[in-house]
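Okay, so subunit A shows up in both of these, paired with subunit B first and subunit C after.
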Partner chain A sequence: MIEVRLFATFRENRGKKIQVDAKDGNEILEKIDIKKEDVAIFLINGRDGSLDTPLKDEDIVSIFPPVGGG
Partner chain B sequence: MEVKERYKKNIGTITEAEQESLKTKKVFVAGLGGLGGYICEMLARMGVGHIKAIDCDVFEESNLNRQIFSTEKSLGRAKTEMAKKRLKEINSSISLDIKNERLEEINSRELINGCDIIIDALDSIDTRLILASAAKDMNIKMVHGAICGWYGQVSVIFPEDNTLKRIYGDKKGKGQEKSIGNPPFTPALVASLEVAEAVKILIGRESSLRNKILLIDTLLQDYEVVDI
Partner chain C sequence: MKSYAGKVLRVNLTDKSINVEPLNMQYANDYIGGRGLGTRMYFDEVEPTIDPLSPENKLIIATGPMTGAPVPTGGRYMVITKSPLTGAIASSNSGGHWGPEFKACGYDAVVIEGKADSPCYIDIKDDKVEIKDAAHLWGKLVIEAENTLKQTEGEKCRVLLIGPAGEKLSKMASIMNDHDRAAGRSGVGAVMGSKNLKAITVKGSNKLELHDDEKLKEVVKKCNALIKENGVTGGGLPTYGTAVLVNIINEGGINPTNNFQTSQFADAEGISGETMAEKFLVKRSACARCPIGCGRVVKLDDQVIGGPEYETLWSFGSDCGVSDMNTVIKANHLCNEYGMDTISVGATIAAAMELKQKGYIKDEELNGIALEFGNNESVVAWTEMIGKAEGLGAKMAMGSYELCDSYGMAELSMSVKKQELPAYDPRAIQGQAVQYATSNRGGCHVRGYLISPEILGLPEKLDRFSIDKKPEWAKIFQDLTAVIDSIGMCLFTSFALGANEYSELYNASAGTQYDADKLMIAGERIYNIERVFNIRAGVGGDQDTLPKRLLEEPIVDGPSKGEVARLSEMLPKYYEVRGWVNGEPTPEKLSELGIDI
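Now for the complex of A and B:
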């Protein structure tokens, strides 16, 4: 299972930390219903990641939306 | 030198010498909306000697929920005009350079020239990237802040960093705030944190938010600093 940490608006109706069974970032987004174009930052184990990078059990993925108001 | 009575409650938090040094500092505040109003208010009260700020909007009714310089009487008036009036009333000993101007690629470098620090109070991702690029070229440190509903974020960017590119990637325009609004408390909170970081940099103390982002969630009251 992949630990998915969500931030800001992505937490709404999903929670802050969830476990998802997925092979890569694309599958995570699909399973938790987040559009690719709504993602500003995607980190794998705290480092810049690609949605296509294969994930392994116990990886930690953090997903952030763009926050731009002022 | 005796610290002015009006700054006495700053002392202890910062030293008398640090307070004195703030008099000589010039801060550029990009935007006079939700964040920028509170930021300028706090800089004036803190005793930062020179405040330069820009905005090109007038106050609208929908600003009244959060923008501290907006009042019912100010609707339709330039944000810069109300900012000048308010800041002069708060602290007549500081110099103000507040311009009704839009920040663009073409004027960005000239606008920030000579400033000791830049504080981001903008409301668009594209303009933030223009500002960050100008800050890099002009070798000026920048404090980034942004808000969105219950959420906010703050980071400190040195000229050699590329933090905003990392935060926003290839995103443009508005963030998620376009659909979930901006209440009164997140701009006040994020503005306070931005000013705290700016003051630390101005007086030569270390910032804890360089190459990091403070992510604020006032719904869960969850605050997290993430390496970026």
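Now for the complex of A and C:
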């Protein structure tokens, strides 16, 4: 299982942290109903990742919409 | 040129003289306004080696050509002076509503000289300028002092002022306006305090003349659309404010925790933008002419007050090991009331906590107040002690460098050029490392926000662990930031706008003939003259460095584990792209930029 951490508006109706069984980021987005174009930052174990990168059991994925500031 | 008031006000507090001078239009053309214009004027007038808190120092408050113009975020002002914290040039930026009101009085800038023999404030109502007694305001907190001045000078006037920290010459003192907006960094409030100047009240009635109203409307419409369509300026910032960064930065292991001892904070959720929005947010707020509205208004017990920004959530939160939102809101509010820089105050408390942790600060110095990471009461109590300059708080009010140095442990001050670093561990973002080190005002993220490409992917995504092309990116971001700070707009517009849009706005307003390239050269000119001042003030290339911990000790935890700041591999290239030798602009570079000094 992959631990998927959601942030900002992605939490609405989905929660903060969910377990998803998926082979890559594309499948995660499909399963939790988030459009690819709405994703600004996609981290795998805290590092920049690609939706196509194969995931392994217990990986942590963090997904953010466009946000910023300083 | 239009969009300028065309006049500079000069107030000498020693001899009480008040004069109005024409704006040097050549300087306006070459250095734009705000930070650039103010720095050029300051350079001509002040000997770089003076004591920043002596009457010989001057304080220049300058607006840009977009300040007061009908453009998105056209309302900023800059404070330019020699910093008592760093000994280098200070230029601190603030929003709110003071800048446009001051410019409506008919001035682009005010130069404040000398020192009053007793507390005073300056009241400006168009061409009626008076120095008035402020004995009854001295010692008052910011909100009470501002409200009192409004009762005296009119509810519609705008007030710029210092709190008790500025009066007590804290090197972390800010200049405040509109209750909770701050020209926050580099101790500019102490310079005002050293002159016995509590406040400047302004109420203006002049209308700004623009070059081409129709063309400007067209460009503004385009820029507003870009800002609205952009996911950050049109979505993330309005919804969550800057606080939304807490989780992003923490997830990447970039979040300095316990004075940069670790880089990921297990309890970051408690101080996140999401938590603030869910449990504390009352409404959002916006500065003059701002379509973004990133400001937060929050509740604290039965009070409704200005909420903390991302940097503050970090400094009083992760950096002090604190995950309680109420604690950060209280400390932030105390900083607003005493008039203090939330980054430097939080980071200095964190440094003190490490000094205590390692046994350098002894129990008998603490007046019975705990000083330990993760202790909520500790953070609030020491913020107030710093504001009042009491006990160890008086020593802490001089900033983390002087504090740590007094224990023989300067290396525990997480600062550059003695100014506290903000909320991003540069070991995990290499471009930010070279930007921090070379910043003309010391440790600062808003001299070049490399977080944008390295984390947020704007305008394109860079690998944050790579050093490739980072010196070049640092230069571009530093120069563009100098432009935005000078033009009078908010840096946050740069998530959506670029040099092309800024030049179009400027040209339509002022009648100038700038293009993107020429504007970037103006930014480079500004960056170079700041650097020349610093060198003459004794803050040269040898201070383009980072704390030893960040250069030598790899990150111990999280996704960025094992990384150090690879500054030595980037600095020579940075100097090369700048045309500098050992951190100093060459005569050829200055000549190329038309810097005639």
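Criterion: the second predicted complex is superposed on the first by the 67 of 70 C-alpha atoms of A that agree within 3 Å, B and C clash if a C-alpha of one lies under 4 Å from a C-alpha of the other, contacts with A are read in each partner's own complex, and residues count from 1 in each chain.
Definition applied: a contact is a pair of C-beta atoms (placed from the backbone, for glycine too) under 8 Å apart; a residue touches a chain by one contact, two chains touch by 3 or more.
Remember, it's a predicted structure, so these values are computed and weren't measured experimentally.
Scan A:45 for contacts with subunit B and subunit C and give back first, second, both or neither.
second
Would you sort A:66 into first (subunit B), second (subunit C), both or neither based on which partner it touches?
In the superposition, A:66 touches subunit B and subunit C alike.
If you lay the two complexes on top of each other, which residues of subunit A touch subunit B in one and subunit C in the other?
Touching subunit B and subunit C on subunit A: residues 7-9, 11, 16, 40-41, 43, 46, 48, 62, 64-70.
Across the complex, what residues on subunit B touch subunit A?
Subunit B reaches subunit A through residues 31, 33-36, 120-125, 128, 145-149, 151-153, 166-169, 171, 173-177, 180, 182, 187, 215, 217, 219-220, 222, 224, 226-228.
Within the complex, which stretch of subunit A touches subunit C?
Interface residues on the subunit A side: 5, 7-9, 11, 16, 40-41, 43, 45-48, 62, 64-70.
Tell me, which parts of subunit A touch subunit B in their complex?
7-9, 11, 16, 38, 40-41, 43, 46, 48, 62, 64-70
Sort out for me which residues of subunit C touch subunit A in the complex.
So the residues of subunit C touching subunit A come out as 230-232, 235-237, 239-245, 247-248, 251-253, 264, 269, 273-274, 294, 309-311, 422, 445-446, 449, 451-452, 455-458, 461, 463-464, 491-492, 495, 558-560.
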